[in-house]
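There are two complexes below, and they share chain A, which is joined by chain B in the first and by chain C in the second.
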Partner chain A sequence: MSSLNASLASALSGLAAAQGALAATTNNVANINTPGYSRQVPILETGDPIVLDPLTFGTGVRLRTLESIRNPILESQIQQETQTQGELSALVSALAQTQSNFTSTSGDIGGAISKFFDSMNQLSTSPSDLSLRRNVLTAAGNVATSFNLASGHLIAQRTNLDQGVEQAVGEINQLTGQIAQLNGQIAILENAGESAGTFLDQRSQLINRLSSLVDVSVIPSDNTITLTTASGTALVAGQQNFSLSTGTGPSGVQHIFAQNSDITATIVSGQLGGILAARDQQIPGIAVQLDTLAAGLANAVNQVQTAGYDLNGNPATGVNLFNPPPASLDGAAANLTVAITDPALIAASADGTPGSNSNAEAMYALRKQALIAGQSASDYYSTIVFNIGNSVANSTAQQEASSLVLQQLNNQRSAVSGVSLDEEAANLMRFQQAYAASAKVIAAISSLMEVVINMKS
Partner chain B sequence: MAPLPPNPPEPWRTAPFELSRLYLQLLRELADRVESSTQAVVSGDVARLEAGTAEQCRLWQKIVSLPPEPGHGADPAWPPEVVDAQQRLLHLGRVQRALLRRSQQCLRAVCNLLAGPHSGYAPMAGEAGVELHPAGKEG
Partner chain C sequence: MRVNPNPLPDLLSALSQNEKQINNDLQQVASGQRVRVPSDDPAAAAGLVRNADQTSEVDQFQRSLSSISGEVQNADSALSSVVTALQRAISLGVQGANGTQNASGRAAIANEVQGILSQLVSLANLSYQGNFVFAGTATQTAPYVLDAASPSGVRYVGNDGVNSVTLGDHFAAKTNLPGSQLFSAPGTDVFQALQNLVTGLQSGTGIDTAIDQVSAAYEHINGQRVFYGNTSNQLSSQSKYLNSETVQLAQQQNTLGGADLTRVLSDLVNQQTSREATLAAMARTQQSNLFDYLK
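Our next item is the complex of A and B:
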C-alpha cells in the first residue's frame, strides 16, 4: 500500500509541475511583443508508477519539457523571403539613386544635347557671327560636362556599393560567429534533455538577419544546424563558423572569398546579392550605354566637322569638335572633352566660301539622324532613362510583392508560434487551480500525518 | 466607392470634364479591384482572385470603350488626379504581375514534383517556346 509520504511526494510533484507551467505561461505573456518569440507549452507526463502487487500506484506528474511551438517549413519560407526582400531592397535603393542622377537638372544630358543642336541651328543663320560660334563651343562643353558628370556619378555609386560589400561581409561574419556560439549552447542543453527554446528563437532571429544579407541554406542535423550559401559554401558547421573575406579583384572592385576561393559570382540573393547585381550588372550596363551614346554623338559631329571649312576658309581636316573617343568606347563618357577653343575653327561652311552655312546645317541635321543603334542621340538617351525608370518601377513592384508575401508568412507564423493572451489567461487559471489543488492535498496529508503522530503519542 | 451607374448618361460623351470624371472613377475602381486581387493572391484565395479578375475585365472593357477626350486626340492631357490614378493602377498591376509570376513558379515546382521521378525540370509543355506534341506521338 502507498504510504502517506508517497502521497505527499505525489502532491509535491503536482505542485512543482503547476509551478513550472505557470512560469511558462508567465514567460509567454511577458514576451507577447518580442519579435521572433515562439510560445512555450509545458509538456506534462505522468511519473513512473510503483507496482506493489497486486496494485500499481502512480507517483504524480513531472514537467518533461517546455516545448517551443514553431513550424520549420514556415521558418524556412520566411528565411527565403527575407533573402528576396534583402536583394530587392538593395537593388531598388541602388537603381533609385541612379535614376535620381539621370533625372536631376544638373546632369541632364538630353537637355545639353538639345541645346547643342539649337546653338548649331542658330549658327547656321549667321555662320560668321563669333558670338554664335562661342555659343556652340559653350553648348558642346556643356554636353561633355553632362556626360562627365553622369559617368562620374556612376563611378561614385559603384565605389559606394563596393563599400557596401565590405560592410555586408563584416555583418555576415559577425552573425555566423553568434550563430555558431548559439549552436554550442543549444547542443549542450538538448543533449542534457533541457529545453533550448529561447536559444532556438535567438538563433532563428539571427538566421533571418543573415538571410537578409546573403542567400542561406539551413541544413538541420542532430541538435545543431549547418549553414551554407545557396551554392554550398559553408558558413557555419555546428559550433564552427567560416568567415568570409573581401579582396580587390582583377576589375578593381571588392570580391568575396571563402577559404581563399572567390565566391562573388555565386552570391545571387540577399542584400549582398542585390548590391553585387547593381554594382556588376546594372550600373556597368548603364555605363556602357552612356559610353556608346557619347562616342556615337562625338564621332558623328566630328565626321561632319572635319568635312567642312572653318571661318577662315581653311579645310577642317583633322580638326575635331570633340576629342575622339577610344575605339573600345571604354571611358568615352567620362573623358569626353571639347577639342577646340578657337570659335573660328568650327566648320560651318561646306565649301569654304564666306557666309556658307551648309556644314552647320548638316551638323544640325544630326539631331534627328539615327546615330546609335538606329536611334537619334536624344532618343537613345531617352531610352536609357526610360529603361532605368522601368527597372526601378519593376523592382519596386517586386519588392512590394515580396513584402506582402513576407507579411503573410509572418502572420501565419504568429498564428502558429505567437502568444494568444486569451489562451494564456485560460492556462493561467488552469495551472493556478492545479497548484491550489495540490496545495490542498498537501494540507490534507499534513492533517492526516498529524492524526497518525497524535495516535502514537 | 459608390458603384457606377450601369449605363452612363449620354451628355458625358461630349463633355471633357464629365469624361475625365468618369474615367477617373473607373480607374480608381479598377485599382481597388486590383489591390483586392493582390490580397487574394497573397492569401491563396483562388475564388476571390477569379471573381476579382472577372470584375477587372468588366471595368477594363468599360474603360476601353470610352471615346478619346475631344480635342486631345489619341494622347489626351489628363488632369493630375487622373494621371495619379493611372500611375497607381500601373504600379498595382506591376505588383500583381510579380505576385502571379511567383505563384506560377511555385505551381511549376509542384507540378514537377507531382509528375514523378521520371520527369525532368524542363519547362512544361505549352509554355513559351515549348511546342505541344499530340498524345501518342513521339518527337
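Our next item is the complex of A and C:
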C-alpha cells in the first residue's frame, strides 16, 4: 500500500531532478562562448521501484549525472591537425621573412652581380680609364655587401628562431604541468564515480594548445592519460610531468633535452617542429646555396684577374679581386670582401699594355659561363629564388589546406559538443514545466495531507 | 544529425579569406606587379631574376656601344683628314715633277710636303679621352715619335694589339686599328713615302717613284678606313637590335610579373560582393533564437 509520504518523496525527486537539469542548462548557456566547452546533458533515470505485492510503485526520478557530450576521435583528430597547423604556421612565417631577402628588385644579390659585370663591360671599352676602374671596384664592393647582408639576415633569423625554441619549450613545460595537475583532479572525481566533464574540457583545451607547440601522442589509461611526443619521449604520465630543457648544442644553437637526452632531431611537428625545420634545415640550406654562389663567383673572377696584368703593366699574380673564400665554403657569403682598393690593380690587360682589354673581356665572359653547378651566377641565383619561393608557396598551400581541415573538424566538434541556444531554450522550457508540475503535485499532496489532518476535528 | 549551432567561426574565416584576397588584389593594382615576393609565383620570380640580368646587360651594351662609337667616329674623321692631306701631297708631287719647276719652286713645294708630313704625324698621334687611338694597345704613349735615325724620320712605338669589346650575345666589335697596320704598314709606309717625296723634290730626282709610293699609301689608308666605316655600321645596326631586345625584355618582364589589371579588378569586385553578402548573412543569422520568443 502506497503512502502520501512516498508520493511526496517522488514529487520532491522530480523537483530536485528538474532543478539539476535546469542547472545544466544554465551552465550550458553561461558557457556558450567558452572555448572547448562541451555541452552537458542531464542523464535522468527512474528511481528503484518499491514492490508492494501485487503492485509496483515508482519512487520518482534520479539525476544520475550531467554528461559532457564529446567525441574523443574528433578531439584527437583536432589535436593531430593542430600539430600540423602549428608546424606549418611557424615554417611559413619564418620562410616569409627569409624570402624578403630575395625579392626580384635591383637591390638584391642578382642585381649587384649584374651591375658588376656591367661595369666590367664598360671598363672593356676604355681599359685604362681610372674612373671606370673605380666603378668596377664599387660594383664588386656592392656584390660583397649584398652577400654579407643577405647572409647576415639569415644568421639573425636563426638567432630569433633560437629564442623561439626556448619560448616554446617554456610554454610546453607550463602546459604539461597544468595537464598533470588536471589529471590528478580528474582521477579523484572519476574514482569517486563523479563526472569530471569540465576538467576534461579544460584538459582537452590544454592538450590542444600543447599540440600546436609540439607533436603529442595521447595515451589514455584508467581515469588518466599519458602524453608523449610522437617519438615516445614522455611529457606527462598521470599526475607527473617531465620538463624539457634547452641547452646550447654543438653547432651553437639551442637543442632540446628530455632527462638529459637530446631529442631535438625527433621533434617534427607543432610550432617547435616548424621552428626547428626552418632553423636547422631550410635556412641553413639557403645559406649553403648563398655560400656556393659567393665562392663560385669570387673564385672564377679571381682566377681570371690573377692571370692578367694591372694598369702599371705588372702581372696580377696573387692579386685577387675578392678575398678568396674558404675552401669549405662555410661563411663565404657572410665574409665576402673586395681585396684591393687601388683601381689600377684591376687586371684588365692580357699582355701588360695599359690599353689591352682582353682580360677584362675574359672577366666579362664569366657572366654567361657555367660557374656553379652547371649554371651561370645569375641563373644559379634565380634557382635560389625559385627554391625559396617554392618552399614558401608549398608550405603556405599546405597550411591553408590544413587550416581548412582544422576548421572542418572544429565544425564537426561544435556540431557534437557546441551549445545551441534554441536547444537550451527548449530545455529550459521543458525543465521549468517539469519543476512547476512537480511543485503542483506537492501542493496537491499537501492539500490531501490537510484533509487527513483535519479528519478528526 | 545535429548541426553546428555556432557558424560564426566559419563565417569569420570566409571573411578573412575575402579580406586577404582583397588586400592582395589592391596591392597588385597599386604596384602593377603580380609577383611581389618569390612565393607569389616561384617560376616567374626566377624568370624575373634572369630577365633583370638580361635587361641590365642590354642597357650596358648600349652604353658601351655609344662609348665605342665616339672613338670610332673620331678615328674615322682623323683618317679622312689623312686621306685629304695625302691627296694634296700627291698633287703637290705632280706639280713638283713638272719640268717647268725650278729648284727653288721645288724646295717650296718640298716644304709644303714636309708640313703635310708633320700634320700626319700629329693625326697619327690622335688621342681620344686620354687614349692614343692608333697605338694598338699601348694607348698611354704617343705611337709616333720623331727619330732622325729612322729613314722615314718617325718611329712607331705602339704595338699590334687590337681590342674587341663584347656588345651582344654573339657580337664583339673590334675597336681599333694599330698604326703599324695603317700608317707604317710594310710597303705602304706613309711617312716613308712622304719623306721620299720631300727628298725627291729637294734633289729633283725620283719624284715620280715617290709619287707612286704616296699614291700606294693613299690607296692603303683609304682601304683600311673601310674598317671604321664597317664598324660604325655594325654598331648602329647592333644598337637597333639591342633596342628591340630591350622592348622584348620589357614585354617578357610584364608577362612574367605584371598584374593583369582587368582580371584583378574584376576579382576585386567579386570579392567585395561576396564580402558584403557574408556580412549581411552574419547580421541576419545572429538576429534571433528561441529565447526571444519565450515569454
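To be clear about the criterion, the second predicted complex is superposed on the first by the 449 of 457 C-alpha atoms of A that agree within 3 Å, B and C clash if a C-alpha of one lies under 4 Å from a C-alpha of the other, contacts with A are read in each partner's own complex, and residues count from 1 in each chain.
The definition used in the following text is that a residue touches a chain if its C-beta (ideal position, glycine included) is under 8 Å from a C-beta of that chain, and two chains touch if they have at least 3 such contacts.
The structure presented is a predicted model; accordingly, all values stated were derived computationally and were not measured.
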item: Comparing the two partners chain B and chain C, which touches a greater set of residues in chain A; value: C
item: Touching partner for A:N357 - first (chain B), second (chain C), both, neither; value: second
item: Contacts of A:V405 with chain B and chain C, given as first, second, both or neither; value: first
item: Partner chain(s) touched by A:A393 [first = chain B, second = chain C, both, neither]; value: both
item: Contact residues common to both interfaces of chain A (with chain B and with chain C); value: 393, 396, 407
item: In the complex with chain C, residue positions of chain A that touch it; value: 32, 95-96, 99-100, 102-104, 106, 110-111, 113-115, 117-118, 121-122, 124-129, 349, 351, 353-358, 361, 364-365, 367-368, 378-379, 381-383, 385-393, 396, 403, 407, 410-412, 414-416, 418-423, 425-426, 428-429
item: In the complex with chain A, residue positions of chain C that touch it; value: 1-6, 9-10, 13, 35-43, 45-50, 52-53, 56-57, 59-61, 63-64, 67-68, 71, 129-132, 135-140, 159, 161, 163-166, 169, 172, 175, 257, 289-291, 294
item: In the complex, chain A residues that touch chain B; value: 393-394, 396-398, 400-402, 404-405, 407-408
item: Contacting residues of chain B [partner chain A, same complex]; value: 38-39, 42-43, 90-91, 94-95, 97-99, 102
